[in-house]
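Shared chain: chain A. Partners: chain B in the first complex, chain C in the second.
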Partner chain A sequence: MNELAVNHTPLIRCCDLSKSFGAKQALDRVELEIGRGRIVGLLGPNGSGKTTLIKLMCGLLQPSAGFLMIDGHEPGVYTKSVTSYLPDRMYFADWMCSRDLVDLFADFYRDFDRKKATEMCSTLGIGPRDRIKSMSKGTKEKLQLALAMSRAAQLYLLDEPIAGVDPAARDFILSTILTNYNENGTVLISTHLISDVERTLDEAVFLKQGHVVRHEAVDELREREGKSVDALFREIFRAQPMEGGEW
Partner chain B sequence: MDWNLDDGRPIWTQLAEQLTRLIVSGEYPPGSRLPAVRELAEDAGVNPNTMQRALAQLEADGLAASNRTAGRMVTEDRVVIDTRRRDLAKKHIAEYLTAMAQLGYSAAEAAELLREGEK
Partner chain C sequence: MLGKLLKYEFRSISRQFAGIWIAALAVALINGILQTPFGETDSPVSLVMILVYSGVMVALFVITLIFILGRFNSGLLGQEGYLMFTLPVTPTMLVTSKLMASIIVSFVSCIVAFASMILLSVRYMNFLPEFFSELTRLLRTITFEEPALWLTLLETLVLLFVWCAVAVLEIYVAIAVGHLANRHRTALAVGAFIVISSVSSWLMGIIGKAADEPGMDNWLDSMIAHGSHTAATNIGLLLMIALGVFFAAIYFIGTTAIISKKLNLE
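Our next item is the complex of A and B:
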């Protein structure tokens, strides 16, 4: 599609990217390139480094070694202006109501579309005066997602957007992502609920103990392996005892 | 509509098959306009790029064509549609005969049973 407008430098480029916390190596020499206009699944079991990688991309963590570029820049003021981040936990003060948050986002982000956010909230059944304190876990997640998807960002980093909600709400969240992402933007979704996201993905990145073990187009993977990404995931990550933790 | 997607086969080929069925069955009549990629993708709950690939396959098969102003249309060439419909029918017949052969029926017996079943 629209070849003319496409910028060919990769949106995300990780070179030899490592991050350790003390003796714990969370990411180990990650090489990764991700293009534009893609929906990419960042897949891996708990503790495989998904959140660490996302936090490096949005500049909340600094690499221990190697480097990382977003749209040709190191994470900083510019990359934050083009990146919409959905953290894996709620970071808003719980006395706020949804309208406060919409105001906050409108103040903070130039690319925030207030109309889109309010429309999405009303579709999701969230009223302007609803307080975060009184929302269920699922509603909080939906509200956060509505805010994150209402930015016209180049990169959406969604850390476990569907982990805490019921299957019907999952479908709703996924279709919200599909219908609201900016077409030249890339969406990176981290999750371990693969069967739920599989058909929305272009590409899958498999993380295992801090290494990228696979990075491939989902349909090619299904064609060659003759199985779903979910089945492949279970095969690659078949429960094996983790190292360390000597008592 | 109901999009049935099973595991283990590329999603885009399954989408292309289902769209083909909609065309040969007349659900999308010859010369009619197909819904936009985004609309179809949303309906099927799939990535728009995947749907795009399925539609490109329909174009390669001659069942649809993109028109710069009017969008993507189903072909008006009924011969192409009928040929495709016949091919799919032959495939289903072969599957039926194989399944019946596994039950020990000859092709003639299978045809006879089919005729009886229709009554």
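Our next item is the complex of A and C:
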């Protein structure tokens, strides 16, 4: 029988995953499984542990307890080869020009599409010899996005890709993600700007003070709760002002 | 993958150092051409050029030191770390590539400084043909009469390489120890460097005393008495290399262990 090989193991598996920084508990016994071919929103307010969870998936942090598997492997050389990461900050070296970065990605990632990256840079008005040092913050962000989305990765980890940009740039970023990701892969987008990404999501993971408080398919969630993900987010994370308490 | 990492290290070196290396040689050459013989009054131009040359030499030293610190501190543990640590390579490869880059820059900077000193005396280079003929004669003598000296030369080069690596890795391991703190990382790194340097000096003292023991002395004396000066030198160099490898291995293992297990990019 001519059968297509389908991988049923979860792409991301977190088991009892905890991370603390000194006395501060950033993630507390997180249990999470995410499959393949999904667009997942990692939703939570600032300080809820979104970036910590993404950094653990990238291997930029080590867990304090529990474990984490990407495509059946602990974070390491293999998982880095199938994961495309867009951090929430710039990672460029001052001496580089845009061609250096494209060369670097082409050298290290087998799934990198140089032609696609070059076309995206050209659309953004970035020339191959343009120095990173002389680019504006917005252009640098777009260059990083173009590089991340020029890979046919199994997993895209996009940390706050639309934070701190104007609505027009948000649309550009989201459409770049949606038109360029590998459809067999999973996209994990962390954000607290729910209304902008809601329409693109298949699943939503709500993270509150280091705990996963909800993980559901977006359609089911809307149907059951009778409200948008954005409205639910506001309900779950509504601040309780002037509650008092110990300092 | 190490080769690919080194490719980008070399690109970085060429962009950051080409200017200062060329400037050092060019300023030295101009100085050499303008210079008057010793004892005679220098012209204001040549005095200014000597000041410029001194400035370039200081800049070369400072930039080399900043490069060694920066390749590890900013290149791995700063924002660039977000790129480097998400490449599909091991931390060992990353540290090795930064170490190799630092050693190469140190060596080339030293060679440039030495070459610039030769260029300073460019007007008095009539000694050069004689110098090269003497050098050729010396090399021929070594090859045919004392070939073991080639081994000594090779060992000297390895010794320089190994102890350069020790110096660089001592800085790296101190920065890595500083990285263990959540705050005041620079202060902790400086403190760690002072402690590590003191401990390694103390250990070197102990090893030096052990080497000064009568048994060791007698053994080397007997070798020299039997006309084996070169053999005694070679053994001494090999021992110094082994000691350097020992320190380098400890620092390297410490550095990679910290960045593998305790990496915490801000």
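Note that the second predicted complex is superposed on the first by the 233 of 247 C-alpha atoms of A that agree within 3 Å, B and C clash if a C-alpha of one lies under 4 Å from a C-alpha of the other, contacts with A are read in each partner's own complex, and residues count from 1 in each chain.
The criterion applied here is as follows: contacts are C-beta pairs under 8 Å (C-beta built on N, C-alpha and C of every residue); 3 or more make two chains touch, one makes a residue touch a chain.
Please read all numbers here as calculations on a predicted model, not as lab measurements.
After alignment on the shared chain A, the placement of chain B and chain C results in a side-by-side fit free of clashes.
Look at A:D171: by the touch rule set out above, it reaches chain B but stays clear of chain C.
Of the two partner chains placed around the shared chain by superposition, chain B is the only one that A:G226 touches, whereas chain C remains out of contact. Judged by the touch definition given at the top, the superposed model places A:G59 against chain C, while chain B stays out of reach.
In the superposition on chain A, contact is made by A:V77 with chain C only, not with chain B. Put simply, chain B and chain C get as close as 27 Å, counting only Cα atoms, in the superposed view. No residue of chain A is contacted both by chain B in one complex and by chain C in the other.
Contact residues of chain A toward chain C in the complex are 21-22, 55, 58-62, 77-78, 80-81, 83, 85, 87, 89-93, 95, 100, 104, 107-109. Interface residues of chain A facing chain B in the complex, by the touch rule stated above, are 1, 37-39, 171, 174-175, 178-179, 183, 199-202, 218-220, 222-223, 226-228, 230-231.
The touching residues of chain B, when paired with chain A in their complex, are 5, 7-12, 38, 41-42, 44-50, 52-53.
Interface residues of chain C, counted against chain A in their complex, comprise 1, 4, 7-8, 11-12, 15-16, 75, 79-83, 85-90, 182, 261-265.
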